[in-house]
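Shared between the two complexes below is subunit A, which has subunit B as its partner in the first and subunit C in the second.
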Partner chain A sequence: MFEKFGEILENRHEYAREWKKRTGGKVVGFFCSYAPEEPLQAAGILPVRIIGGHKSSDKVGKFIAPNIGCSFCRDALGRGLEGDYDYLDGIVQGQTCLHTGEAFWVWEKHLPVEFSYFLAVPHSTQNVGREKYLAVEYAKFKKALEEWIGKEITNEDLDRGIDTYNTNRQRIRQIFDYRKQDNPLVTGTEALDLALSGQIMDRNEHNQLMKEVLEKLPDRQMDRDPGTRIMIIGSVNTDREFMDMVENQCDLPATIVIDDTCTGIRYNFNDVNPQDDRLMAISLRYNHRPPCPNKDWPRRRRIPFIKHLMKAYNVEAVILFNHKFCQPHQLDNAVIERELKAMDIPNLTLEFDIRIPIGQFRTRVEAMLETTMDII
Partner chain B sequence: MAEDKKEYFRWVESTYVNPDIDWKKAEIISAGIDVGSVSSQMCVLCDGEIYAYSNTRSGSSSPNSAQNAMDLCLKDTDGLKLDDIHYLVGTGYGRVNIPFCQRAITEISCHGIGANFMYGPTVKTVLDMGGQDCKTLRLNEKGKCLNFLMNDKCAAGTGRGMEVIAEILKVPVTDIGDRSFDIDEEPEPVSSTCVVFAKSEATGLLKDGWSKNKVLAAYCAAMAERVVDLLNRIEVEKDFAITGGIAKNKGVVKRIEKLIGVEALEPKMDTQIAGAVGAAIYGRALYKKQKK
Partner chain C sequence: MSTQAKYKTEPMKLWKKAKEFKTNHFKEYHDAHKNGKLRFLASTALSISMHSGFENAVIMGAEPFAANVAFWKDFGIKAMEICEARGMSRELCGYSKCVWGAEFMNQNIMPAGTMLDEWGKPDFASAFSLAPCHCKWFQILCENSDTPMYLFDLPKAYPYNDENLVEYMTGQTLACIEEAEKAVGQPFIDELFIEGVKNEIKAYDMWTEIMLLNQAIPAPMDEKTMFSFIVPNLTRPYDPATYEFMKELRDEVQDRVDRGIAAVGNEQFRLITDAIPPWPALEIYRYLEREYGAVVVGSPYVICLCGCWKFENDEGDLIPTPTPMDLGMPMNTREETAKALCWYRSHFSTETPYNIACGEVLHELTLKIAKQWKADGGTLHQNQGCTMQALGGLESRNAVAEAGIPCILYEGNDADSRDIDMTNMKRKFDIFFEANNVKRLTK
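And now, the complex of A and B:
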């Protein structure tokens, strides 16, 4: 049922090249989920999230020292330098952490594209005036896009873009709702394929595929023991090998029922509420979305959000994954660990590099699952 | 020249059979095999009491290492065979490759249960210093692991690291602990916690005129500091016990105790068999559940 999403994700570069050939449209890569995709969609552009390939590259070390740059950014930049993203016409970065910013600037300088835009996003999405600020920045972004593509992006175009993305996020949430069941009808690995493919493919095509899934999903019969219900907390999760190991290779059964990641529910949790000022409507959505640690201060709003998800999805154990040298999440994880301890929820923190030591991780995950076991 | 051929990292492989137990009279015979990266152990329990165990060096193949541990363990047992064992649990990093095990359970859980058996139910915090990893465990009164932390991606602060230092300094690995105290003044720990760089540093210190004992003291102190980070993160609560091969090295144990201000319980049996003991206890419980 979810195979198509996995196939497209696996062959994402071929997909984008074929899309360009088929539509004659432009493709823009974005690094962080704070880049507003609705205006890009409105302009007839395909927004594609730039992610790594879990492959090493000897080209990155020249630009980002391995013991400084986070593993996700090094991997993503490495794929660019290796030529995987040679079809991109433009790149956009919605300002978040310095690591993604660095990857953007290296890309801009060494992998020149027609259009590159660094979009200022409020450092804290709790600041007074943040919505107005971001709406003004979006206006500048829209103008730059119009100059590049040589035509105006009308309100009707923006409405179409907003509607496509709202539909996309709503359908993802509808499918995720089936993970709340005692025996979830969607595994975590499938959910990752579903959500991540939604960040790299034509959203209208993605919406159509999800519509077909939603028609069949209620009748799906799962023939697996769901075991321990796990939540994944972290930044960008693109690691299918890890998800598959947790759900299919451990000696004890487990299902990843929800996540707090920017490739999962954090990206899909809220919609744009239409209003006359379209850019303000989009600004409200990005300002009020569940925050990433970079934007989540002075008050930590992630904790109540995580607790809400844990309750809604009946979470029994948590895996905190941290990309190596990702300081924003490292800092947050210490607080989240403390909260989980107070709630008596088994949890495990794992540090991810470009490639992961799957055997070592398996031992740790199994040991965490065993803490929920009652043999003696 | 003969001295050069000596393998200083080697420790004596051992076996034990309890002469007071007749396995033929046991209702439940359970066993655990712990295939670690450096050593492998097997432990047989007869009705919950240790009947026999072995402690051997691991080879490159997990199934062979398990087989060797079993052959050695059963050698002097008056005919006990694999078929006589009701339930066998595998543990250790090679646990998934032991063909004759009914179940695999991680070394983390097994060390917790094993420590509870070996040191008693008052043990709340366990430090296992194994061949290539270190782990700290928080246990409940039944020995169940409630929380744990492990080192990552590096063999520093582990048994293998100690073996490497033994070879560099040509000091038998079993002598390191005592010799590390035979010094005039406690030196600063070596600065590097990486086995490879520690080797360079040790060589440099010898060239600077440090005695072997002083270098050993600096290395033991560095190892202690490294694992204390793990202990502090998990928050040590009494009683505290150490398992694994390094638990036999007083040079590391005493320095850990000094750093955390808590004395480790005195071991009553071979600290290296904790994982296999825990696996055997799990085996007994699983067999009882299966019979119900």
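And now, the complex of A and C:
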């Protein structure tokens, strides 16, 4: 039922090249989920999230030191330097962390594209004036896009973009809801394929595929022991191998029922509420979405959000995954670990590099699962 | 032994006064409550003078606080270790861990090394998101000690003069003042604020004059000495005494230039660096001077730390930003003054060049400094204690080296002495100088 999403994800570069050939449209890569996709969609552009390939590249070390730069960004940049993203016409960064920012600047300088734009999204999504500030920055971004593509992006265009993305996020949430069941009808691996493919493919096509899934999903029969219900907490998760290992290769059964990641529910949790000022509507959405740690201050909105998800999805254990040198998540994880301990929730912190030691991770995940199974 | 000095040299006359300034300020902060005053802990980027409207405020810059902890290695390591015991990894911001560590231990240390049995909990705290982790630093700090805080968002520092940005920051400044008033229960006096901001701008402008004088050959000041002179601007820029100090310093440096007085008598190789230095290993500067006659003439860090700069005509040399007073910007009300301050400081100032949005210009800025300050080479600090500064380091190195100025990176840490391998650091510098045919001055 979900195979198509996995296939497209696996062959994402071929998909994008074929899309360009088929539509004659432009493709823009974005680094972080704070890049507003709605205006790009409105301009007829295919936004594609730039992600790594879990492959080392010796071309990155000239620009970002391996002992300071986050593993995800080095991997993503490496794929660019190796030519995997040679079909991109443009790149956009919606500001979040230092690492994605640096990857953007290196890309702009050394992999020149027709259009590049650094969008200064507020670091804080709580401060006075941030919605207006971001709406004005969006207006500048829209103008730059219009100059590039040579045509005006009308309100009607924006409405179409907003509608496509609202539909996309709503359908992802509808499918995710089936993970709340005692025997979840969607595994974590499938959910990752579903949500991540939504960040690299034509959203209207993605919507159509999800519509078909939603028609069949209620009748799906799961032939697996769901085991321990796990939540993943971290940043950008693209590691299908790890998800599959947790759900299908451990000696003890487990299902990843929900996540707080920017390739999962955090990205798809809220919609753009239409209003006359379309850019303000988009600004409100991005300001009010569940935050990444970088943008979660002064009050902590993430921890209540995580607790809400844990309750809604009946979470029994948590894996905190942290990309190597991802300081923003490290900063939050210490606090989240304390909260989980106070709630008596077993948890495990794993550090992910470009390639992961899957065997060691399996041992550690199994050890955590044992603590939830009353067998020791 | 070294040969006869090439240039005349003499100690900086104001060095002792700078040290006293620092000691007195730390003492005043520590004793504030005893003396019926308020403690404010503020990141030095922008948020010091905005508290100057509180008559009884003693404002401590969080970065000088952290650097002082780091300088005292034994105490610094204790600070690191207690943070690590609480789940904070070694990769996190070194300055954060210095201040958290002091807070967790409820201890602090004075600039002269005297231990204090109280860390100095502030009555109000504020920070700017130069690096996003700057505000996470204060979030954790304030949560732990139940301190009221206001954390500012600085989404970008380049391109500067951006009306949307200045309006956004001004709004936050005004909100911060109101929050602080509520938190400390004291009125904010606009006249004091206006005067404080004007003093800060004048003191910062004076620093740019001083830095420009250091383009002279021989360099009248070396960077390690500059570190003693940045403290007034980083701790009490609103104080008229700071401006007076900076004027005196400018006069002294001008006098040294006029008389050809060198910071390093054997100056034969001018270096730039780029970032916060390894505070627990400042002796490396003296090693470079003694062994190779190498003088560090500046860095984006120290030059911009307490002065405001911009590119001339957007692409030309680095020049001081005109002050709001020069430009006739109104500064008669709280609102006007807040706007003028935000406008001025949203140029290259403090550490704004390291702001993420400056990634496209950081390496250009580094190269401009290398050229304008007549550097023969660059030794850039791959600072494991500050991701913000370290991330762009390779591109800065590439820019400088590709322009024909030899440049290396050396690994270190601004705060964690455990990350500093002095033997290898010296070896790396030795190889660098040998490769560039710089004669060793000692046997």
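Basically, the second predicted complex is superposed on the first by the 375 of 376 C-alpha atoms of A that agree within 3 Å, B and C clash if a C-alpha of one lies under 4 Å from a C-alpha of the other, contacts with A are read in each partner's own complex, and residues count from 1 in each chain.
Here is the rule we go by: contacts are C-beta pairs under 8 Å (C-beta built on N, C-alpha and C of every residue); 3 or more make two chains touch, one makes a residue touch a chain.
None of the values given here were measured: they were computed from a predicted structure.
For the combined arrangement obtained by superposing on subunit A, do subunit B and subunit C clash, or do they fit?
Superposition result for subunit B and subunit C: fit.
What is the contact status of A:Q95 with respect to subunit B (first) and subunit C (second): first, second, both, or neither?
In the superposition, A:Q95 touches subunit C alone.
Looking at A:F305 after the superposition, I want to know if it touches subunit B, subunit C, both of them or none. Which is it: first, second, both, neither?
In the superposition, A:F305 contacts neither subunit B nor subunit C.
Identify the partner contact of A:W297: answer first if only subunit B is touched, second if only subunit C is, both if each is, neither if none is.
It touches subunit C, and subunit B stays clear.
Just to be sure I read the superposition right, which of the two partners does A:F269 touch: subunit B = first, subunit C = second, or both, or neither?
neither
Counting residues of subunit A touched by each partner, does subunit B or subunit C come out ahead?
C
Given Cα centres, how many degrees, to the nearest 10, is the angle at subunit A formed with subunit B and subunit C?
Angle at the centre of subunit A: 80 degrees.
Once the structures are superposed on A, label A:W148 by its partner contacts, choosing first (subunit B), second (subunit C), both or neither.
neither
Now for A:A120: first (subunit B), second (subunit C), both, or neither, which partner does it touch?
second
Is A:Y178 touching the first partner subunit B, the second partner subunit C, both, or neither of them?
Neither partner.
For A:E370, select first, second, both or neither according to whether it touches subunit B, subunit C, the two together, or no partner.
In the superposed model, A:E370 contacts subunit B only, not subunit C.
Which value in Å is the smallest Cα separation between subunit B and subunit C when the structures are fitted on chain A?
The answer for the closest subunit B-subunit C C-alpha pair is 5 Å.
Overlap the subunit B and subunit C contact sets on subunit A and report the shared residues.
Overlap of subunit B and subunit C footprints on subunit A: empty.
Which bits of subunit B are touching subunit A when the two form their complex?
Contacts found on subunit B: 93, 96, 103-109, 113, 142-148, 150, 152-153, 281-282, 285-286, 289.
Contact residues on subunit A for subunit B in the complex?
Its residues touching subunit B are 251, 341, 346, 351, 357, 359-360, 363-364, 366-367, 370-371, 373, 375-376.
Residue numbers of subunit C touching subunit A in their complex, please.
Residue positions touching the partner: 86-89, 91-93, 129, 131-133, 135-136, 138-140, 142, 149-156, 164-165, 167-168, 171-172, 175, 356-357, 359-360, 382, 384, 387-388, 390-395, 398, 409, 411.
For the complex, give me every residue of subunit A touching subunit C.
My answer: residues 62-65, 67-69, 95-99, 101-102, 104-106, 108-109, 118, 120-124, 127-130, 132-133, 136-137, 293-295, 297-298, 300, 325, 327-328, 330-335, 337-338.
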